[in-house]
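Take a look at the structures listed below.
Two complexes are shown next, each including chain A; its partner changes from chain B in the first to chain C in the second.
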Partner chain A sequence: MTALPDVPAALAPGPGPWLIALRAIVAREALRFVHQRERFVAALVRPLVWLVVFAAGFRSALGLSIIPPYETYIPYEVYIVPGLCGMIQLFNGMQSSLSLVYDREMGSMRLLLTSPLPRPWLLMCKLAAGCAISILQVYAFLAIAAAFGIVMPWGGYVAVLPALVVSGLMLGALGLALSSFIRQLENFAGVMNFVIFPMFFLSTALYPLWKMAESSTLLRDICAVNPFTQGVELIRFALHARLEPAALGWTLLAFAVFAGLAVRGYDPARGLAQRKA
Partner chain B sequence: MIRAITLALLAGIAPAAADEIWVTNEKDDTISVIDTETLEVTRTIPTGERPRGIVFSHDFSRVYICASDSDAVQVMDPASGEILHNLPSGEDPEQFALHPDDRRLYIANEDDAIATVVDVETRRVIAQIDVGIEPEGMAVSPDGRIAITTSETTNMAHWIDTGTHVLFANTLVDSRPRHAEFARRGTELWVSSEIGGTVTVFAVADQAELAKIRFDIKGVHDDRIQPVGFEFTPDGRTVFVALGPSNHVAVVDAETYEVVDYILVGRRVWHMAFSPDHRRLFTTNGVSGDVTVIDVESREAIKSIKVGRFPWGAAARPTPKEG
Partner chain C sequence: MSSRGASSGLVVADVSFAWGGRKALEGVSFAAPPGKFCALLGPNGAGKSTLFALLTGLMRPASGRIEVAGHDLSRAPRAALARIGAVFQQSTLDLDLTVHRNLTYFAALHGIGGREAARRADAALDRLDMREREGEKARALNGGHRRRAEIARALMHDPAVLLLDEPTVGLDAAARRAITDHVHDLGRDAGITVLWATHLVDEVRDEDEVVILHRGRVAAQGPAEEIAGPRPLTDVFLTMTGKAAA
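Right after this comes the complex of A and B.
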């Protein structure tokens, strides 16, 4: 592991060791990402297929009714872009959790967890690393979408960065929390079925809330409380250089809850270690 | 605070301190007045029944409104919003055109298959001309010599000599012609055909067909592409064509007759008007009850503004001069 040569420095007092751990974990995640080209391609192809195939089949040309932050009618492919940014981050969060389960099976996690630094910090580093990777993927996706002619206001490309950090951390924390409960790699398929799909489909990623309310108000309410919806709406407003305080608040709250669960799950006294014993 | 109050008071005294777009709401029997800078509705003015065509006098001191179901052309003072008087218009006036002399109003009477010519000063009917069934579009050439009316059912553009008020030519166009405009300083006549889905361009000199423009929007069925109103940019190089229930406005190069772009607007777009500075275009979207604002240079829809039910006609009014 790349952190090994830095072990003596890590023992020194001050903020040094904390940053070293952060750098090492981010570097490892980045290295893993760079080496897995297929993962990068898959991360881009998945939303692009939705954009090109699904949006085209959805009578995209006639426009959707106006809902904030949009000020006029928009084609469906414009509506779906923030949801697909969220999808990238959702899959990335799950992928991070998958990698943790893998690390645990392969034993490299033990190495990470023997660090003298507080465990929440190590988890935070892991989160930051995953979030940074997801943001790279989202920007690559936005660039390709722009090449397809789906261009956002220029300010939106800057304003979306902090929104992506918040939503990326929230979805990453969800992945971390889940990974603390999944013992084996094989169970990951279950996570896909029971977490990713309901989260994605029961959200505003594909349809606005009023459309959901047409079929059932219960469905609309479920969509409204889905943290993924809040993350997507945060991204949607940010892409139009606007802040949606409610979405920001709910996303931060969801992040706090998921991060709390993750810290608890990885706490040797209560979570993982005890269950393993 | 004081400044805000002063401004509010000033606004109360002089509501028309900006360029405006006037939109007729067919179902609400009202006109919505939109400020072209703030893009907000500043006034809603009651009119006769089913207002459709709308045009200002050349000095903008009067506005003429086709109140179709009141069988009248109403004359309104745009400053006060009061109806000054009605003009005899014949039955069911739908669209009209003001002659360059600022006096003669050429009105299409949809139910009577005639075109009525009214003198707006004497308020008398000068002539009634038999045309095809369900006349709709109306245009007068820039030199004032030719008036055109299009008949929805006969599928013709009728060429009227404004000197004698006699038809001197009839040209066939595609199904249900809606709107007509002269272009290139009066050398071309453009006619939109709603059901045919085309815009036909004629040479005015010999009424020969020069071109037929067709539209094709990816993902929209051909049946929904129904050209209605259209407007030329002041340089005459570009024309924006409202395509009805396809919810799009086409941008056409008026020199090559090629469609260069499509802009998504509200549902069932009827007509449009440029802001007086020609930087923005306002389209009336009948079914969605709003007006979409298009930035002319970038050709992008920037906002849709809620107006009354079934907005139909649109006309621009520049900021009134002081005094």
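Right after this comes the complex of A and C.
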């Protein structure tokens, strides 16, 4: 038995211990994802069904005028690609959240929460891991969409990466915040009904704001303040190699709010800690 | 301070906690000195698991103080958590990872990576006679071996205090015996303070420290043989907790 070192590894100065934890958490999530092949397939099939079936049917019903970032008339399939990228990240965020609730019920979340590294950092590692996986899914989707002839400008494929990081972190933080307030796995169906569907349908993922305003200005306003709309617009502009500062600002703000709620929710002095599991 | 023996083990001072309005722990105080095996005895519902949640920082006590190796858990949570090894009642192994990967993942959460993590995993598995199972997925292990893997994992970062919440639940007699013996040896040979929560009195040895928890309060504490006196410890425990046969 070796003598106990004066300073435990987790408390050593410098970023070393923090990065070791980050790498391990990301690697574990990636491994988990690779093992769940059906999750990967489901993550791709869902947006592809929308793209190939829904968009084909909607194409003739929905006339789109020229709105930024588009400089010409675009087919509906091109319009909904950013929304479907957002959808992948939204589902991935909720899936991570679901796995966190599951982990908590099964006990393995305790392992993370009893680590001596700062809890906000550990939650950030979880977020980064989920975000990385969602980005892989989005690029796989974009590649398949390109194979169907729905191609973005080349620069867009590069420029969209930082946008996906921001939107992925925002939607992951939303999932993390929700997971800290959901007591049991059974309540998760409610999240699907009350979070995913409203967020997706009350956004610019499927139809532009002006189209929504034709039926109701209230609905248009709700869509405009929906953080998912902002994330989707950020992705939409980035896919055309353009930056939309307002969307970036709102997405970052939403991320800060959701991350704050998550940190609060996982604080041992309040949140889930004070409720009996 | 360079050795575990110089630390002050585990100190719980006047700790209270309530779930909503229902009191779960009231003025709980005890100390487990370095290198001692301390059995936390209590019937189901006595507050053992609540106390464990407080000791591992998952929740914060309403009042009172918890010290781990001289570090106050409320004031210096990171320093205290870095010195705790915990085995929860419910298994926390990732069943799809190998035993070795489960250990190195845990090491990473304590800031230990690379070769050092692998070396420590080997040593911890050796100590629990689990080395030959290191390549197996946790799912393939039986209950006894899963528990051993969890104990090995809890030792990866050389903790000063090892907390185990009813670690033998669901195990057969042989596995229960083996694990109880292993952990007793750990306390004695490695100078680790062990807090072992259980409702099974036969896991306690005469030389162990005992804290009897009943309805959220400490009903008795001291060396097992002193608490038992001339009677079997089981009888004393059942009498104190009101479960003795009428």
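Criterion: the second predicted complex is superposed on the first by the 259 of 277 C-alpha atoms of A that agree within 3 Å, B and C clash if a C-alpha of one lies under 4 Å from a C-alpha of the other, contacts with A are read in each partner's own complex, and residues count from 1 in each chain.
Keep this in mind: a residue touches a chain if its C-beta (ideal position, glycine included) is under 8 Å from a C-beta of that chain, and two chains touch if they have at least 3 such contacts.
Just so we're clear, the structure is a prediction, and the values are computed from it rather than from any experiment.
Visitor: Just checking: does A:Ile66 make contact with chain B only, chain C only, both, or neither of them? Give me first, second, both or neither.
Guide: Only chain B; A:Ile66 stays clear of chain C.
Visitor: With the two structures laid over each other on chain A, which partner does A:Leu112 touch: chain B (first), chain C (second), both, or neither?
Guide: Second partner only.
Visitor: In the superposed arrangement, does chain B or chain C reach more residues of chain A?
Guide: C
Visitor: Does the superposition put A:Val34 against chain B (first), chain C (second), both, or neither?
Guide: In the superposition, A:Val34 contacts neither chain B nor chain C.
Visitor: Touching A:Leu161, do we find chain B (first), chain C (second), both, or neither?
Guide: Neither partner.
Visitor: After the superposition on A, what does A:Ile74 contact: first (chain B), second (chain C), both or neither?
Guide: So A:Ile74 only meets chain B here.
Visitor: Mind working out whether A:Pro17 is in touch with chain B, chain C, both or neither, as first, second, both or neither?
Guide: second
Visitor: For a test of understanding, state which residues of chain A touch chain B in their complex under the given definition.
Guide: 56, 59-63, 65-66, 71-75
Visitor: Mind listing the chain A positions that touch chain C in their complex?
Guide: 1-6, 8-12, 16-18, 20-21, 23-25, 28, 31-32, 35, 106-108, 110-118, 122, 268-269, 273-274, 276
Visitor: Considering the complex alone, what residue numbers of chain B touch chain A?
Guide: By the definition above, chain B touches chain A via 217-220, 246-248, 264-267, 288, 292-293, 301-304.
Visitor: Considering the complex alone, what residue numbers of chain C touch chain A?
Guide: Listed in rising order, the residues are 1-4, 7, 19, 56-60, 77-79, 81-84, 86, 88, 90-94, 96-97, 104-106, 108-114, 116, 157-158, 160, 189-191.
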